[in-house]
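Notes for the one structure printed next.
Naming follows writing order (A, B, C and D), and every chain is counted from residue 1.
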Amino acid sequence: MKKNIVGLIYTGEGISELKELTRYRSTAAMPMLGRYRLIDFNLSVMIHSGMKNVGIIMQKNYHSLMDHLGSGREWNLHGKRSGMTILPPFMNGDRVGVYEGLLDALHSNLNFLRRSTERFIAVTDSNVLYQVNFNEILDEHLEKRNDITLLYSKKSSLRRNGSGRYLDLNGFGAVTKMEFDPTIPHFENTYIGAFLVRRELLIDLLDRSVAAGQHHFSRGMLASMVANNTHRVGSFECPGNIWSIDSVPAYFKANMDFLSDSVRRQVFRDDQPIWTKLRDEMPARYLGEAKVNNALIADGCVIEGNVENSILFRGVHVRPGATVKNSIIMQDAVIHRGAELENCILDKQTTIREKVRLIAPYAYPIVVAKNLTI
Amino acid sequence: MLQKKTCVAMLLAGGQGSRLGILTRHVAKPAVSFGGKYRIIDFPLSNCVNADIDTVGVLTQYKPLELNAYIGSGAPWDLDISNGGVYVLPPYSRGDAGEWYKGTANAIYQNLEFIAQYNPDYVLILSGDHIYKCDYSEMLAHHIKNGAALTVAVREVPWEDASRFGLMNTDDAGNILEFVEKPKNPRSNKASMGVYIFSYDKLVHYLEADEKTPKSSHDFGKNVIPAMLLANEKLAAWRFEGYWKDVGTIESLWDANMDLLRYPPPINLHDRQWRIYARNVGEPPHYVSPKGAVHGSLITEGCEIFGRVSGSVLSAGVLVEEGAVVEDSVIMPYSHIGRGAVIKRAIIAENVVVGEDAAIGGDTGDIAVVGSNTRVPKGHTLAAGQQMGI
Amino acid sequence: MLQKKTCVAMLLAGGQGSRLGILTRHVAKPAVSFGGKYRIIDFPLSNCVNADIDTVGVLTQYKPLELNAYIGSGAPWDLDISNGGVYVLPPYSRGDAGEWYKGTANAIYQNLEFIAQYNPDYVLILSGDHIYKCDYSEMLAHHIKNGAALTVAVREVPWEDASRFGLMNTDDAGNILEFVEKPKNPRSNKASMGVYIFSYDKLVHYLEADEKTPKSSHDFGKNVIPAMLLANEKLAAWRFEGYWKDVGTIESLWDANMDLLRYPPPINLHDRQWRIYARNVGEPPHYVSPKGAVHGSLITEGCEIFGRVSGSVLSAGVLVEEGAVVEDSVIMPYSHIGRGAVIKRAIIAENVVVGEDAAIGGDTGDIAVVGSNTRVPKGHTLAAGQQMGI
Amino acid sequence: MKKNIVGLIYTGEGISELKELTRYRSTAAMPMLGRYRLIDFNLSVMIHSGMKNVGIIMQKNYHSLMDHLGSGREWNLHGKRSGMTILPPFMNGDRVGVYEGLLDALHSNLNFLRRSTERFIAVTDSNVLYQVNFNEILDEHLEKRNDITLLYSKKSSLRRNGSGRYLDLNGFGAVTKMEFDPTIPHFENTYIGAFLVRRELLIDLLDRSVAAGQHHFSRGMLASMVANNTHRVGSFECPGNIWSIDSVPAYFKANMDFLSDSVRRQVFRDDQPIWTKLRDEMPARYLGEAKVNNALIADGCVIEGNVENSILFRGVHVRPGATVKNSIIMQDAVIHRGAELENCILDKQTTIREKVRLIAPYAYPIVVAKNLTI
């Protein structure tokens, strides 16, 4: 029952391939699956692993993320003995608040690391959606006497030519080589940007690396630990599905994958609810000639038209005769009579006028920015 | 030391609610599911907080644990505050013998000590079996402006129904001249909604007097209000207009659910200025499969629809399997409707499993009811108007 | 649907606590002020949350409203969570007659339904009149490791006091062989602390059996534990070391307060790894005036000291006027000690006003007590060992 | 009972005269009176005026302020229908998050102004400590049909040669002239940086002023409203004591003033508690030869030495034989045996070694920075 692991989510990956969608929000705040933000899944993994304290390192565009997280109450992270610590960028003296990367971000938040009382710390990027139990990772971490354990996946869907971090492992799961942004990845294991380490050791590693002039956490610090064999860098394979939300098509596909029953059942488990900010909306209403086929629809929606292979966030209104197909419609959007959407991503509060048609191929979904009327 | 409150609300959550039959076998009436994601008590509680009344006592003598668990710290209604909040108050034993609440007035009498902690100027009395949106702060302003001892919320009912209600005759200024419970020959169609605002000192005075009155049935309508009229107290009527529905019977509960499917609905739950708050269950959006179909219905998050649903209200986590048909029915949280089952004009309570090819209810006739946690066997038939449960 | 819990705690907050005399005339014993800023119940509640037990039922049959108001949403102890938290459970009427809790075991029996909601593996039983810091999670680990049906927390007491306690004989492995309530000739000095961990199924089994036993006094020590021993259940003793003080009498309550003034104190309340949480009153820092003097005392925020205070514990908001003297005494929240008044070896409860030049208590003899909300007249004398109150 | 006024606290005044004390915290986060932060008093004024929603505009060095405010729970500002909105500096695209002043700050947070539902808004600086009821201001605002009502004080203690904003008023309380940073102030009324205005009007004023190229809220926008007589600029005199925490001596004096019974009774009223972050400390302990005379002492202190005319924050330890005189000692400081302090301000977690003497004149208190050991 002891609180052994403190969580830390780094939201500053700085991925630009999400285009308009991340103009006013960080990747961690990306709306997902009708009622969530991406960070809800990261938080959920940590809470269901028994973590009581979670820090969230904020980077640019964090207003919507802060607004979403609020007091931490919805995640039961609002107490005196447990809590969500928002770590906004520092702005004092000569600092203007932009981290150069994870190493800089962690080093700038050494205070959080020092003030925590847990023995271990789990650090994750915020752009990956996966299910794992950190207690199992800790068990293996201890059993194999790792100094640090990196999480990886063999899923080919995570491999990207020209980008990503890949691991070569020996038979005991120890990392023997690392590869960064290779033109074509040589190793089958993709490092997903999450790791477990003893808290005091992390503080020490950060201090030494910064003092030694390192600038990158993985490309610099981790790689040199592996290359110089100074520490035992272990690994843990993430089970099940995993998604990296690093481009518009990847975002689109990740959402669409949840129309599959088996995917939903892996992630949405009765004993491990995914908590998110509440809106107190009424249930979705189906009126008149509504026709819905293979869709996820949140509370507060009003469906009077046709919806197929789509995901509708809270408060979306599909008027009579409108058709929404293979699309993601974010909250409070209105699709007027006779409009036709196919392979679209509509951001919050967009309006599609009567009879407007927006049709794109599956591989290149159209993104409509927040508040636009088309 | 608790800080003084202007107005404290006392919610009469009632007894066993036997008119709801097996629906209240495992839960108190106010905790019965309504409208997909609500419980009946969400309406008066939300009305309170929307009217800035932040201290509420919930009086119940039946299944207080379920209400306690549902209400919890009060957070869903913003009632988890350090001075005030919401408290479930079962009748508690004061010595060798405790006593069941003997009537509405006696229930409040037994909890005068709770009210006294906040030393309020006014006490709002509510009941826990009505669906409506009401700004009690307007009623309170009316009470204060009129300098009344008691203000009763009234609504006009159709003359033909009037004899089912407690009726008031008022003068032109809205003062109550006469109060008659369910008269045979109504002389007024202004019916009491069972919502009262008392000035605190008057409440204490008349409850103590009523308690000492032999043969009193300790009821506000039958005893306390007549006594106040007799003593020439100023009793004001405050007229409420808008949707108001008693959900104390199977038929009226079903009716009220069906009202939400009308367009426009007679009560707007999509009102962002007057939200109805409810405890959240943390379910994902509902899913409709390629073989599923939904028409004219209310579907809550967590549902999975592989069959056909029409004219129905589905609560959180309901599963409708392939080939199943749900028509004109109310399905409460986490119930499963098996393959090929047909549900018509029925209320299926919580955590029910309806077996394959079962047939419940009918196209006409009374509402069929399945009580919570019941397993309806494969192929079982339950005719219109029948009930089954454990 | 409530989620399963590993361990649920049930706190027996007790009856009227008559050994505390007028101190419990207006509040239940667990709500009695202690150590300046705490209430007795803060200790078991804080122990629970520090041991990661987040679901607590508080059983009280006396003055539940004050406990309800003090506990509120549970926020001061982090017990305002959406699944679990703290609930005050008075004995409630289940029909025409309710019944007072007949004994410790009966009190739990009457609330088995509450426990069942969480379907726990273990149930921790606590009592509400002890001051101590205890990591129940270590006791639970011991219980699980031993595969016991019941684990009893024990402490070694001086042999000369042993006959005042429930005593256990154990074998070398710590299994309880015999349990005797207050024997004349003790064969053991291992005393029960009244802290039990039951495996849930065993608890249900033996409480139901006890309920059916005629002439049982429905007490854990007298009836349930002997019955379990008789049935050859595995009963383990878990040895607690550290400060533990019963505060069920005036003398012991005063003693325990005085313990806090020793240096080093036998119980460290300054422990940041094991904080004792309490509801905060929002007072400014205490003030000591140029004419005031404080020695060897505990002074809480909100106090204003214009007189002389020594060897005493002052709760929040206490005012000691110029020329007043407070020695070796406990002053509870918001009491005012008037000019020239002299208080020695006394307990002054909450909201007391001690008039000018009054004299309470003495240099020797029993503790004098003034009950809450009392006004001690100007010049009044209350001798050592006397009590006054309203 | 209607929530008519939304509150907004601007914490970006940028006063540098507090020296070391504001190196790592904003003025709003200045520790005050043994257990508070300056912002607690601003929040308290708003809460006791019935406000249910309060926004706080953050500027540089806001980490300690965010840490203090947490979820807003201690102020009962943690609900769905009420709340504390943290408005951190914007950092997106070309913004680096430093406001040019109040006008820029308000204009950058138009979203908060627009999303609020209250009819009126009260905006205050965070460096002033005062007691007022905004409902009374609103009554007068409405009665006099003001467009905007500025709060002022006649207390001479607020007047500063060469700085400050001063108002000339006509017989009806309307502002007829404004003066900024005069070498010697000509008007007796000091504007305290707080005002009440209809929310929609403020949005309109901000839009127009920024569009017209204004850069300063008071010197530009307000002054031109007065000079051109475009709006009715009214005034309201703050009753009672008032302190501006704009220099080390002013900070020192403000704290010391609370050793007076009458000042404490004006600000600490039974019916209007000042809420602050909780620490769950035990009561203060007096041990051995402790001697205390005219001092405010918070919970968690241990007093074994001499304390005179001083203010001790939570967890301060004064060892036997140590003497603390005319000083402010912030939380968790330790004063060892035989040390002697006079007219000192010790920041958090400082340690004064045995027999060290730190003595300064009253007008120039010594400031010892956080974490130092002397």
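Here, a contact is a pair of C-beta atoms (placed from the backbone, for glycine too) under 8 Å apart; a residue touches a chain by one contact, two chains touch by 3 or more.
What you see is a predicted model; the values in this text were computed from it and never measured.
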item: Remotest chain, chain C as reference, centres from CA atoms; value: A
item: Between A-C and C-D, the pair with more C-beta contacts; value: C-D
item: Rounded Å distance between chain A and chain B, as computed from the means of their C-alpha atoms; value: 41
item: Approximate Å spacing (C-alpha centroids) for the pair chain A, chain C; value: 47
item: Multi-partner residues of chain C (each touching 2 or more other chains); value: 75, 80-82, 277
item: Shared interface positions of chain D, touching two or more other chains; value: 73, 80, 278, 280
item: Touching residues on chain A, where the partner in the complex is chain C; value: 1-3, 76, 79-82, 271
item: Touching residues on chain D, where the partner in the complex is chain A; value: 23-24, 60-63, 66, 70-73, 78, 80, 83, 86, 88-93, 96-98, 278, 280
item: Complex contacts: residues of chain C adjacent to chain A; value: 3, 6, 49-52, 78, 80-83, 137, 140, 277
item: Of chain A, residues touching chain B in the complex; value: 33-35, 73-74, 259, 261, 264, 268, 273-276, 278, 280-288, 290-300, 302, 311-312
item: Residue ranges of chain C touching chain B (in the complex, touch as defined); value: 1-2, 61, 64-65, 68-69, 72-75, 79-82, 85, 87, 90-93, 95-100, 113-114, 117, 279, 334
